[in-house]
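Chain lettering (A, B, C and D) follows the sequence in which the chains are written, and residue indices restart at 1 in each chain.
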Amino acid sequence: MSEAASRSARPKLFLSDNSAAVHPALWEAMRAADEADAPYDNDAISRSLDERMGDVFGCEVAVLWTATGTSANCLALAAMCPPHGGVVCHREAHIEMDEGGAPGFYLHGAKLLLADGEGAKLTPGSVRAVVDPIRDDVHQVQPHALSVTQASEYGRVYRPDEIAALGSLAKDRGLGFHVDGARFGNAAAFLGCSPAEAVGGADALSFGFVKNGGMSAEAIIFFDPSLADVARYRRKRAGHLQSKGRYLAAQIAAMLDGDLWLANARAANAASAEIAQACGERLLHPVEANEVFMRCSQEERDAIRARGFDFYDWGADAARFVTGWDTREDDAAELAKAIASL
Amino acid sequence: MSEAASRSARPKLFLSDNSAAVHPALWEAMRAADEADAPYDNDAISRSLDERMGDVFGCEVAVLWTATGTSANCLALAAMCPPHGGVVCHREAHIEMDEGGAPGFYLHGAKLLLADGEGAKLTPGSVRAVVDPIRDDVHQVQPHALSVTQASEYGRVYRPDEIAALGSLAKDRGLGFHVDGARFGNAAAFLGCSPAEAVGGADALSFGFVKNGGMSAEAIIFFDPSLADVARYRRKRAGHLQSKGRYLAAQIAAMLDGDLWLANARAANAASAEIAQACGERLLHPVEANEVFMRCSQEERDAIRARGFDFYDWGADAARFVTGWDTREDDAAELAKAIASL
Amino acid sequence: MSEAASRSARPKLFLSDNSAAVHPALWEAMRAADEADAPYDNDAISRSLDERMGDVFGCEVAVLWTATGTSANCLALAAMCPPHGGVVCHREAHIEMDEGGAPGFYLHGAKLLLADGEGAKLTPGSVRAVVDPIRDDVHQVQPHALSVTQASEYGRVYRPDEIAALGSLAKDRGLGFHVDGARFGNAAAFLGCSPAEAVGGADALSFGFVKNGGMSAEAIIFFDPSLADVARYRRKRAGHLQSKGRYLAAQIAAMLDGDLWLANARAANAASAEIAQACGERLLHPVEANEVFMRCSQEERDAIRARGFDFYDWGADAARFVTGWDTREDDAAELAKAIASL
Amino acid sequence: MSEAASRSARPKLFLSDNSAAVHPALWEAMRAADEADAPYDNDAISRSLDERMGDVFGCEVAVLWTATGTSANCLALAAMCPPHGGVVCHREAHIEMDEGGAPGFYLHGAKLLLADGEGAKLTPGSVRAVVDPIRDDVHQVQPHALSVTQASEYGRVYRPDEIAALGSLAKDRGLGFHVDGARFGNAAAFLGCSPAEAVGGADALSFGFVKNGGMSAEAIIFFDPSLADVARYRRKRAGHLQSKGRYLAAQIAAMLDGDLWLANARAANAASAEIAQACGERLLHPVEANEVFMRCSQEERDAIRARGFDFYDWGADAARFVTGWDTREDDAAELAKAIASL
């Protein structure tokens, strides 16, 4: 079989960054961690993460690893919101739509208070529209935290001043401020600002690595270390304190080495940008990270799929393409061409 | 530095099977899973596990992977016991002593009902002693499940008739029957019977691999597949449905290939047996799996440690040695010698 | 002071049926229960309730008393919906808006799935609009129950065929069907049909008495008695099994004697009807029970209050008047006159 | 029928103070509260309770009424202990034995850590025996509160110095300190000291009235008012904020008028003391409150019952007699005589 035939045989995947391969540097780091060390998070690499992440964000932080974004989000929020409280988030936030009710579990029945906003981004106004009408009495669930997603579920990115305004509103209202950063790398790569500016004064960040070349490690960054003390107990209680935690820590450490997380995110963003350009007027959302939402008919989707591309339908009239750290440049270019030719 | 010097320099670890290295076959299997596949548990390997485990146990089963023994135990129990119910377990069971209250979290406040028994093993009599005095009224928490550990927290193993008797009692009383098999491999290796005989009619088994050469994958085996349907939702809700689940499935599959799980367990058991023989009268518990509990003074422990061995004190007057799949034969032999010379 | 002066001095209350006096027949019944009897719900009156309510609904039922509508609703729903499930209800339902997050507590984090509908009434179409888009996978919370309010939060009443259609939809989709009947008496009085027709095949009804002349007793009617077995444990666990439960049972029994509940509800409805007639075009909702929502300016409200009436503002441009079993005919007539004169 | 015949016909009840009649003064107070007032706890009587209880305890307090001892205990503890924490209590405490797992529900899975002590009383030593061995790591549930019962489940009363020592230990260890005072009146009556001395520096007291002549009102006294702010939300969320709360407040206020609670408790204690004297050597526990535990055979119990007395067996070889505010002096005297004649 010729190389070209082989190339066209393998599927060109734009389904999700969820299922990408693990980056070689992480495999290497995990193998290097094979030497026995203390269990749980007492190994040398786990113990180094506070300092390493402190360097990234330029301040003192406490870091907990966990295997999934869902547990990262929920452990962070559970440290901020009591069972009888509420968390303001976007109506289309991952914690509301796609975590199987995990916040209800981890927060012991606390309520998500749903706000609106274009591109799944909140604004101070949309947050106030939810918070202000809540009577300050025991009959209504009171807000205790605010959660935003950077980049948002539609691949939109909060600019430093936008997210700072939300952080500031949270502080004013006495709300904890959480950033779901499942695609934080993509946001930071897009913004080109410091990681600290990209989180806008958050109390906690779910810093995602799995979608960005990791295998099974996300980091919860607590900018208020006292929250981490609670979260440590909750992580164990949720069965997320892996005994061989050094393999998770090793993934995170490798991601930080030489800013691999940024390099991976830039590659994914670049592939999306190339595809976006081909979409032109068809784009449902400006493309700022590694997701492209494109208006197109069933026939058009069939046509693209016929050329070997795999991706999700987005409702009846659109498609979603997601790129990853390992999206092949050729594949992105070919997809762009295929879209342009529609 | 000579090889001998180097050898004596590295610590000879008998601390815990928790922190052992990952078996090479598992590394290989994980790397082989790097090729993108469907996310969560929709990949080919995850989908193969029901059948593969069905072959191991000789019956239809439903299998869910999860990263930790704590989540495996709690997801299994949560499928059997309502929030207002109780789970009978040994007073020294891992779920009672060492899981940071995880059963209270996963079972929404259900209660552990504590029973006694030598070597952390329950007997029908000790279970009845807990269950029988409970008045059948709403003022007292009613038992809904029974959980035993195979091998027990003291490395004791239920014989097929012993565990069958407990399973039978559970059925008679309408209790779900759960087996915590964090060291199930060691138990099965010791018994030499079929895996099915070693679980005694359980409704669910937490089949542990992490202590036996795995990295981050345990399997919950549901012998009653209807329980798995609930557990699937609960796993997601607990943040344990990893998006790149194929790497967990690959670990489990590799463990089953050629009965690697049994080979690893036999190696660990053999090392413990050798050490046990040296302990003689000092043994606190018969050694049936991969743990050795030995009576000895602080001075004696100091003497052993001075020879390069690392292990835990067990209270003031004893030591615990744990062997693993990768315990070096030389290390075990040297430890036996060191003990014999006390 | 002349009688007239005294009359005009006392406030003419249309605030809420929540704070009305206890009906004299209930005082009498409670005093009669003073004689010691078995504690909790083992007294003779409590034990008679299944049969008495069975007569009301013409079928076998299991009845549990509890002190509040919130606990009644939540105990009923907790028997139908697992912690990982969801309950479809109206966006303005009491369980969503006014119970301080109680469903999240009692249902261990289960989620309310919010549907629309005029007058806070659901329709099969509005329920399907919520249920149908839910993907049947573990990432989204699956619906397990449907809850409607009869009469609704805006005093609207489901006709027998309307509520039957919802009950039927619930059955088709495998959902438990709960009716919040905090004002069930008012609904039944309005409909004039049998109580059974007014609940539309519900699995459980929260049959409210507190707003209808009671002091501290609501009844949960389980049409599926197996649900009651679970709810009994949950009631105790929630601290709602009062030791002197006979005083609650006595209230309910007295309400059933000679259909006092219907007589009280008819009186309240009649007072609201009289007021409604005066409102004419100003009505926000047709008046079918004991609540009147009237469009009016701040000045108009001031004018009414100046005449000695007490009621709540309903947003900036409306007023809410609620009548009770003990609303004085004169007060209602005077209020009607005051409104007519605006 | 002659009066004497009628008297001997009615059962002479020593079953439980749980099912006694409501004191006439409370009936009067409740009737007086019939006049409509603001709902929930906004009525004048509810609003007066902080000050009235402050007078009783000689310090600022925040008071919440609730209908049951179970909810009082659990709401108090939930304000002190996070879901991942533990509450030290006696192995035979009501919260452990008789509340249907309510602490697990209200505290979201927090754990009761069981301590020993004669007569169901804890001592600093027995508390330390539970607390000290807990490793300060995430694998074990950490203690966050201490709960004692005054008077204890066996009618034993902590002396001021005893309970102060426990309160002091709690403070030293950073534990919240809760007193379950279901029979606090009986304890205070026995001690003759100030109510403040009888609670030993508690952060919260469940001040029981139901067993002491009330119908449906207990008071949670928060000596640390910041805890009350949380508890207010939790009470609503648990469905315990009754809309006609003024009837509960009225009961409590009437109990405080002229120290009725003490008078009632003294009457109950006196009756128990008389019975206790007749028991002599048969007493299982010194009688300090209103419960008498007496060693006696089945035949002896039959003999007493044959004389018209009703009471509970206490295991196979003992009886429990409980007296109440309304125990008739004649009944107590006759029971004493019956016991003496055994």
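Heads up, the rule we're going with is that a contact is a pair of C-beta atoms (placed from the backbone, for glycine too) under 8 Å apart; a residue touches a chain by one contact, two chains touch by 3 or more.
Keep in mind that what you see is a predicted model, and the values were worked out from it rather than measured.
Visitor: From the centre of subunit D, which other chain's Cα mean sits the farthest off?
Guide: A
Visitor: Decide which interface, B-D or B-C, involves more C-beta pairs in contact, and give its chain pair.
Guide: B-D
Visitor: Distance-wise, how many Å sit between the C-alpha centres of subunit C and subunit D, to the nearest whole number?
Guide: 34
Visitor: Let me have the rounded angstrom distance from the C-alpha centre of subunit B over to the C-alpha centre of subunit C, please.
Guide: Distance between chain centres, rounded to whole Å: 51 Å.
Visitor: Taking each chain's centre as the mean of its CA atoms, how far is subunit B from subunit D in angstrom?
Guide: 44
Visitor: Scan subunit D for residues touching two or more other chains and write them down.
Guide: 83-84, 99-101, 104-105, 108, 138-139, 233, 236-237, 241, in rising order.
Visitor: Spell out the residues on subunit A that touch subunit D in their complex, using ranges where they run on.
Guide: Result: residues 82-84, 108, 138-139, 142, 230, 232-237, 241 of subunit A touch subunit D.
Visitor: Please give the residue numbers of subunit C that touch subunit D in the complex, ascending.
Guide: 13, 16, 18-22, 27, 30-31, 34-39, 43, 66-72, 74, 99-102, 104-106, 210-211, 215-216, 233, 236-244, 246-248
Visitor: Under the touch definition given earlier, write down the residues of subunit A that touch subunit C in their complex.
Guide: Residue positions touching the partner: 83-84, 86, 97-101, 103-105, 107-111, 138-141.
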